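Paired with chain B in one complex and with chain C in the other, chain A is shared by the two complexes that follow.
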Partner chain A sequence: MIKRIPLAWLNLTHDRRRFATSLAGVGFAVLLMFMFNGFMNALYDSQLQLLNRFNGEIIIVNRLRTNMFVPRAFARRRLYQARAFDGVQDAYAMYISEVNWKNPETRKSRGVRVIAINPDEPVLNIPEIETYQQLLKLPETALMDTKSRVEVGPVEPGIISELADRRIRLVGTFTMGTDFASGNGNLLMSDQNFLRYFADRGPEEDKRSFATVDIGVVKLEPGTNVERMVNVLRENLPNDVLVMARDGDNGFVIRERNYWQENTNIGFVFSLLTSMGFFVGIILVYQILYTDVADHWAEYATLKAMGYKNGYLLGVVMQEAMIISVLGFIPGVLVSQLLYTAAGNATGLFFQMTPERIVNLLIATFIMCLVSGAIAVRKVQTTDPADVF
Partner chain B sequence: MVKTQPQSTFDPPRDDLAVHIQHLNYFFGAGDLSKQVLFDISLDLPKGQIVILTGPSGSGKTTLLTLAGALRRLQDGSLRVLGKELVGLGDRALVNVRRNIGFIFQAHNLFESLTASQNVEMAVELTGNFSSKRDQAVAMLSALGLADRVDYKPQSLSGGQKQRVAIARALVNHPQLILADEPTAALDKKSGRDVVTYLHNLSRQEGCTVLMVTHDNRILDVADRIINLVDGRLESDSTPNAFVHSKTQEAIAEVSADMFIM
Partner chain C sequence: MARISVAWSNLMHERTRLGVAIAGVAFAVILIFMNLGFMGALIATATNFYEQFNAELFLISPETLEISTSTAFPRERLYQVAGVDGVGRIMPLYSEYLLWRNPETGVSRAIFVYGINPNDPAFLMPELQGSEARRILSQPDTVFIDRLSRPEFGPQDIGTTTEADRRRATIGGSYALGGGFAADGTLIMSDQNFVRYLEPRPLSLVNVGLVKLAPDASPEKVADTMRSLLPADVVVYTKAGIIDHDSAYWLESTSIGFIFSMGVVVSFVVGAVIVYQILFTDIRDHLPEYATMKAMGYRSQYLFKIVLQEAVLLAILGYVPGLAAALGLYHLTATATAGTLPVAMNGGRVLFVLVLTLLMCSLSGLISVRKAVTADPAEIF
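Entry: the complex of A and B
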């Protein structure tokens, strides 16, 4: 049985207080990376909260609608045309508009996004629509997103306020979250009510009708090849509309995400901050390892005199690096998880800690500690046992 | 004209010698800044001898010790340790030579994070005897009178005990050559005495050669031989009694009335 003395572990843990401080240091660096990375991903992911709830495999939009912000609608006829193809189960219309909502408490108006659908059609994967189906069919009713920003005021059934200077009654709530295009929150209503509010808002505003649709959601029959169907629709529908699969690399969801990645500084700013966290971590870990090597300089030199090769000592330092990276990562993740929840509640953004992101940052932490280790081992390498005498 | 190889003037290897030094020169630094610290040293240490190397500070005794310990590269002369020629060896080969040598330092250099036994086991692990390392370590510590301190960490051991652990670490692999640098300098009289006595007894039992640098006059009597090094040259090579005698003679001769005039 080969069992070496775990010198790296024993050296690290010998001084408990220092060990705890080391782990806290690494944990803090991990926390920094998680928070900055988390904000970046939250800003991107939040843009996709509505898109991910579309209940259909294919999305049809106006060709000019390059992102959800662009208020371009297309002819509803296209949806009826799409329904004619084999494999298409149904094609749903969705109407979107931006309008002012009056906070019932402060009486201040705030912009919100209104999403309108036919309550009898499963356009969105939002279970509350079915719950409040009958209430939504009543005139001047809507559901409010509970994750709307606090500026919209209290969000609960029974609230009566004004939307586009007309009376509106909240009959219930649903949970989605805000994004760049949603303003201060999301309001969900029936298409009939949408007409009541937006058909004629005055000479300066667009007149909305059922003739134009903002988003078309195409539901395919089970087992239909999405890619083939996208091609069929593209070839047969006039090219004033853009037909895209919802998911996949060329899908609608990815296109929206790419739009925000390419047209904002979010990625640059938060990647920079994340890498700063990374470098802070390198310096912290280097400091920890260097102190260990410097404190045990004579002992390491003695090991060399006894006949230990440089490789063994490098191994010890690298093991120490690995140990503190893994053990420091755990408190870092746990605290980050708490802060994600807190930040999500405060901003209405969608903070997500997926296994993939955890693994990515674990690898980053690993690299962080290995780099520090690689710098610190130079001290061991240059240790000359002849100097101990 | 064919120049004779310098090596040809050296004697052939001899089995009865642990250390065989011939015409050894050593320089610190290189080029214009090089400074010679050892001049034409020739020295034979037969196996089983305890030799004390003494001399004023700066005389090169520690340098000689590190050279014999394969801790420095050598270029000039001949230095055979346990039958192996060290002159011209690279770092990697020197490391392998070191594994047959026990080192004892002025400071104990024990890992604070390891117990006495684990510190000794670090040496055993070099030989690959993982299954018996604990037994070997405990046996060696017991031989040094530390049977009841095996699982103590250095911070709960006294100075003399720590130095004995360090000696156990140096001896546990039964090296044929032990190099000690002022092993008693940091110890009080009694602990120093104990340490030297253990070292003496063990070297007698194991039949290993000990080369010890020391300034400590109290322990000269354990030596078979005392070598005095002055300014990088061998000045004398005598038995302890003769050495002490010569030193006392000198001391008396040096006393003069001037000393008492303040």
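Entry: the complex of A and C
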């Protein structure tokens, strides 16, 4: 018995240049799927960037606030009530409002979201809050998100502009990203400054005060059971507020994601485009394998004449399919990563390549190549050695 | 004629490969059509409600980005232009979001509200015409609801009573308008009710000023006159102008334009790669023939032509099924999304994609032909 020859590998690498083209072909199909899939995930993930920075295990919101868009606040008393329970370390208030920011260069106004907190409290996992803690306590100062849309103008410390028709000075920046509810960007300021801008904006706007809070973030003592605490708070707080765990299947973050999944066509649009990318991939890979089979037709026929069964030939082609699917996937992922970075910079959306998504698409690529291989091999199987020579 | 037949025979020689090539081009065409279709549908939903506004000219604040993020301007501006020659009627339109409670589930959602003077024919929907509609609209706490609102807003039967922002609201009628991109649903109510629900909003600040012209007036001319009269805190648009204004906002200020343009570009590149592979393999297989032709005295130009002809044939053969499949997918999309994503084909897009396909195939043809052109007859044999 002769040593088994890695026929598939040799077939593929025989012509180096074509091998490279084949890998590029698979890479393109991978890129296409990653792109459309990436857009879909980015649109969803972007909605959660603020939520994922809440520094607490339990979130309290007004019962009417079904998503971050609904501007409904609740009484701050509820946070004081929550603090009384064993296991609760602290309960922080966050104030949110949407208002016009004037681009200091073009003098055009654009809506931004203002997030206000007490700078002495760790409400958000944004390290820059601590860095600029003292500056944020000065009147009429704020931090601007560096990922704000270009429409807000330059984002750097020292910029002086207008917010809600009132002077404001940027003392620093932080990095988060925009979502559907954030308008053109995020501005972070102290709760004291929030009052300066929003306590009285004239007769046609609602007046804001510390009496009502937009989001309550509850920090638990280390080791406290989150689920049990959620139930305790739910039972004891009046039902004008909704108490939810931040994470988990019934959590606040998932609820926000589900809202956008159920209420927009994002999923449909990009799933359709991704699946079409898959079919394009099948065609690309089929072309590659078919050309290879056609070129080695005589050899395959010889093998058959020597007594090799169709199953063996099928095995060879399938091996080729698997090799190019894995090897083509690697450049595909790398190029997609570059594309994600570029698209993220251009749109401010949050493009994220998680291991789970990579594995999912690797499996899709694998299936894509196997399907193509199965179609391409039919030609060999029907080969009659006598016809070839 | 003789030339075409070489290209044609080259392609037809291997039927399976031709079939795959056509499928490849067709898929690239479908992908391009789908990206353009989605983009077009999103922009169309974002602006097609303007067609139902009964006005030729629109006044908005220069700070208004699109209808749902509007800055209100003083009502006096409308009175200032009411006397301009050619103006038939001025109608203030108030707009704002309001929380609408689904009476069945008790869940509230933000709905977009238009406030109009019930005596103004501000909208073209038939349900809002006539004295009976005016009478119902004038009743306190009574609203008309958009039948195209999302089902989450709850039942839309006349007489349904629920709450809007902690105030009782009764549905007095319905109409079909569509909320565009920014709203899941819309309501129309009288300006008096608007003040009740959206206190502290005053009626002296208008979101959109609708101007109905006299039957023979030219919108452009009247708009120019208005622009010379009005201060800089309002801008005047024609209907086409305000649709462009809103579309530009959605395309440029959101990621929609970027995402789908990128989709088109990448689909184009993938299509080009597919065609390149086909033509390259084809040339390699026929290299002896090409070399023979060169040895016989045919010039490189002739080979160029054959490959380009093959490319164009592939483009057309792939484009036709691609277009047909895209039409099917458009229909499927419109059905699957229950009309919320009205993808529709238009002549401009059919032509544009045809040109793109020809370009894509020719480009691949030109890249792949180099090998045949540089072939030295002496080396082949």
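Please note the rule applied: the second predicted complex is superposed on the first by the 383 of 389 C-alpha atoms of A that agree within 3 Å, B and C clash if a C-alpha of one lies under 4 Å from a C-alpha of the other, contacts with A are read in each partner's own complex, and residues count from 1 in each chain.
Quick note on the criterion: a residue touches a chain if its C-beta (ideal position, glycine included) is under 8 Å from a C-beta of that chain, and two chains touch if they have at least 3 such contacts.
Nothing here was measured: the structure is a model prediction, and the numbers come from that model.
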Contacts of A:Ala305 with chain B and chain C, given as first, second, both or neither: first
Chain A residues touched - chain C or chain B, whichever exceeds: C
Chain B versus chain C as contact partner of A:Tyr290, first or second or both or neither: second
Contacts of A:Pro203 with chain B and chain C, given as first, second, both or neither: second
First, second, both or neither for A:Thr354, with chain B first and chain C second: neither
First, second, both or neither for A:Glu151, with chain B first and chain C second: second
Which of chain B and chain C A:Phe28 touches, first, second, both or neither: second
Touching residues on chain B, where the partner in the complex is chain A: 62, 65-66, 69, 71-72, 92, 95-96, 98-99, 103, 105-107, 109-114, 118, 121-123, 125-126, 130-131, 169, 181
Touching residues (chain side chain A, partner chain C) in the complex: 21, 24-25, 28-29, 31-32, 35-36, 39, 43, 64, 66, 69-70, 72, 100, 108-111, 149, 151, 183-184, 203-206, 263, 265, 268-269, 272-273, 276-277, 279-280, 283-284, 286-288, 290-291, 343, 346-349, 379
Parts of chain C lying in touch with chain A, wherever the complex brings them together: 16-17, 20-21, 23-24, 27-28, 30-31, 34-35, 38, 63, 65, 69, 71-72, 99, 107-110, 150, 152, 184, 200-202, 205, 253, 255, 258-259, 262-263, 266-267, 269-270, 273-274, 277-278, 280-281, 329, 333, 336-337, 340-341
Residue ranges of chain A touching chain B (in the complex, touch as defined): 1-5, 7, 10-11, 13-14, 296, 298-299, 301-309, 384-386, 388-389
